[in-house]
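In this document, chain identifiers A, B, C and D correspond to the written order of the chains, with residue numbering beginning at 1 in each.
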């Protein structure tokens, strides 16, 4: 394992049919990470690959049993009846300042999931709340897709910016000719917002034709 | 599209005769970007290339219709009666701290526009206002050029520094043996200064023999 | 000596049998560096290699006789009756912000000590004190090792992070299939904490079957 | 001129006999730059090479006549009766944070001046004043040299650090097996300290057997 660049460790090689890629990383209100976590639990997804990078923070996490490990992204596979999924979540993102690493990691993630057969991308994250009621916002790679998910109940996220991997993965996907959407849960962002994460997860499931019960 | 380095996307291949390169990027009072925008509207210029870079900020911009795209520089072609133009503007500049990326992007821009046949460079920007009246200042790659544009009404910008792409593109052009000028509009810089941008644009047009009406 | 990358200078080529690698660098309370220093004095270890890096701070240290030298890591060899040691200490660590250099230097250190035949890693450092009494904490690459050193008197360091080279060297070692532990001395960290450094050193010696007298 | 790395521009190829390299860059009290400037004026030295780097700040300097140029280091040649000199000064240093560029630039400078036949290095700079009287301090690559220049009137600079190119060039030179000294003029550092610069210059001239009149 040479750590002068990004390193993928394969755990297994799942067979998936045209899987949808869903990405949820730590960020504003931790909405994206929570949505990805709920999805992978709902699907009973199995980890099949890990990504390590010298752009991640220079620490190890230590478990309750005293076992250390490097920060990483994790890829989970979920063969489902309606849609197969590849779900990515992780411990961290590169430093805010290191924009070149953000571009590199998002590109390498896309390289990897394209090889797994993904051609549709869903990124998830949080946005500052602006109204009273909880909303899920959508931005997309094309007007047709934005419209489609608006009709399914999301609000168009218009005239703003989407920062970090949530925006960049989608922007880079678009440049490659891939399609996809970004789903943003409205949150105050003061702490990990499980409610907003659940809203994003539930919207995604409904939009893709899955039923999610409230009591999850 | 590999995003580990600067990436040019060609839209078309315009035929231009010894075009003048005009660059206007976001900066102090947004004077340069406004001047470039007025010029490309005046000329009816058409976009023919885009530049993407991992040194740009890690966000996507979202349009009013919810469509996302990466930050970029845009190159426009304007075949004109007097002078053909290549006009560059953009959403952003690399981070203030990342000086190596500033040098790299300016060099790559010059590589590109030299291939399009440009040998004369005009960069535009803003400078803090020091007197009551609006002025356009000029710095140049040679005493002859500084004098020529002074005679056309600009004030010599002397004994200072010109920071960012506005200065660097011209400094690097000079090292390659290209010629050019930098036009700086005096501005308080508190907000986007359309007046200063217009002054720079109008001076450039007049200096190159074009008539611009005030009411534009 | 090209200084565009890490540079090892060999002083000698000691013959060691399956040596244990012990690392102690400047950090919180300077505990790790002090522990490594006590160990190398106790063992009468001899320097056999130095590591220079362009990621180290850009200064030279000047001795009391006016002689300058670059900051560096130093590797000492100690052939012992019970366990041979390779001990690493140093003047500095890369800048807090430069995480890529942290990953690179820790990887290069592991490359080097693997070539010397090390397969067991001990990193040392300090942690903020949380109880009255002095403690040595342990984190490990495996549950078996954590348990083994807990039984020898260390407290499991659970649910936290270990930052800098102290954590990263162990995390990267684990990814290579090496085994090892991190020993952390509790300290207020206000100044160089010789007591905490001695506790870590003494615990390590005892755990490996060596007797250390208090009066050292 | 590719500006993705350091670039040397040759102006001429002077013939020098085992020249002494003297470096004086902007820094504390600007002492080093002033000393180098006085030396090159005293010697009637001629510029023969320039160094450009993407690690330098991203601005251009503009002269009183409105002519812009990139920041650079300048190398001057001075064939003298007693000692030939190569003198380097410059507009700037890389950013304080960019330590890798500091190492790279100092190494490239040494590569260059070694090719010109230099094997003795003098770096110059300022140190905060600690006593009433003006002093010139010396640090060296060997005890013999430190002693030699102490006997000529400098005070040993002991137990400190020398930051930036002033220290690093000497430290890297030592690792290559070159010899040299660093001369530091005591200064309050509040402004460009011509007196301290003159003291360093005068000491260097005297130590090398040249007479400098006070009225220079």
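The rule we apply is simple: contacts are C-beta pairs under 8 Å (C-beta built on N, C-alpha and C of every residue); 3 or more make two chains touch, one makes a residue touch a chain.
What you see is a predicted model, and the numbers here were worked out from it, not measured in a lab.
Steps from chain A to chain D, minimised over paths through touching chains, total 2.
Chain A maps onto chain B through a rotation of 90°, based on Cα atoms and reported in steps of 5.
Seen from the C-alpha centroid of chain B, the farthest chain centroid is that of C. Between chain C and chain D the centroid-to-centroid distance comes to 37 Å (mean Cα coordinates, whole Å).
Inter-chain spacing, taken between the CA centroids of chain B and chain C, is 53 Å. The multi-chain contact residues of chain D, meaning those touching 2 or more other chains, are 97. Judged by the touch criterion defined above, the protein chains form a single closed ring in which each chain touches exactly two others. Here the touching chains pair up as A-B, A-C, B-D, C-D.
By the touch rule above, chain C contacts chain D in their complex via residues 1-4, 9, 52, 54-70, 95, 97-98, 101. Of all residues in chain B, only 97, 99-100, 102-104, 106-107, 138-143, 146, 150, 156-165, 167-168, 170-172, 174-176, 182 touch chain D in the complex they form.
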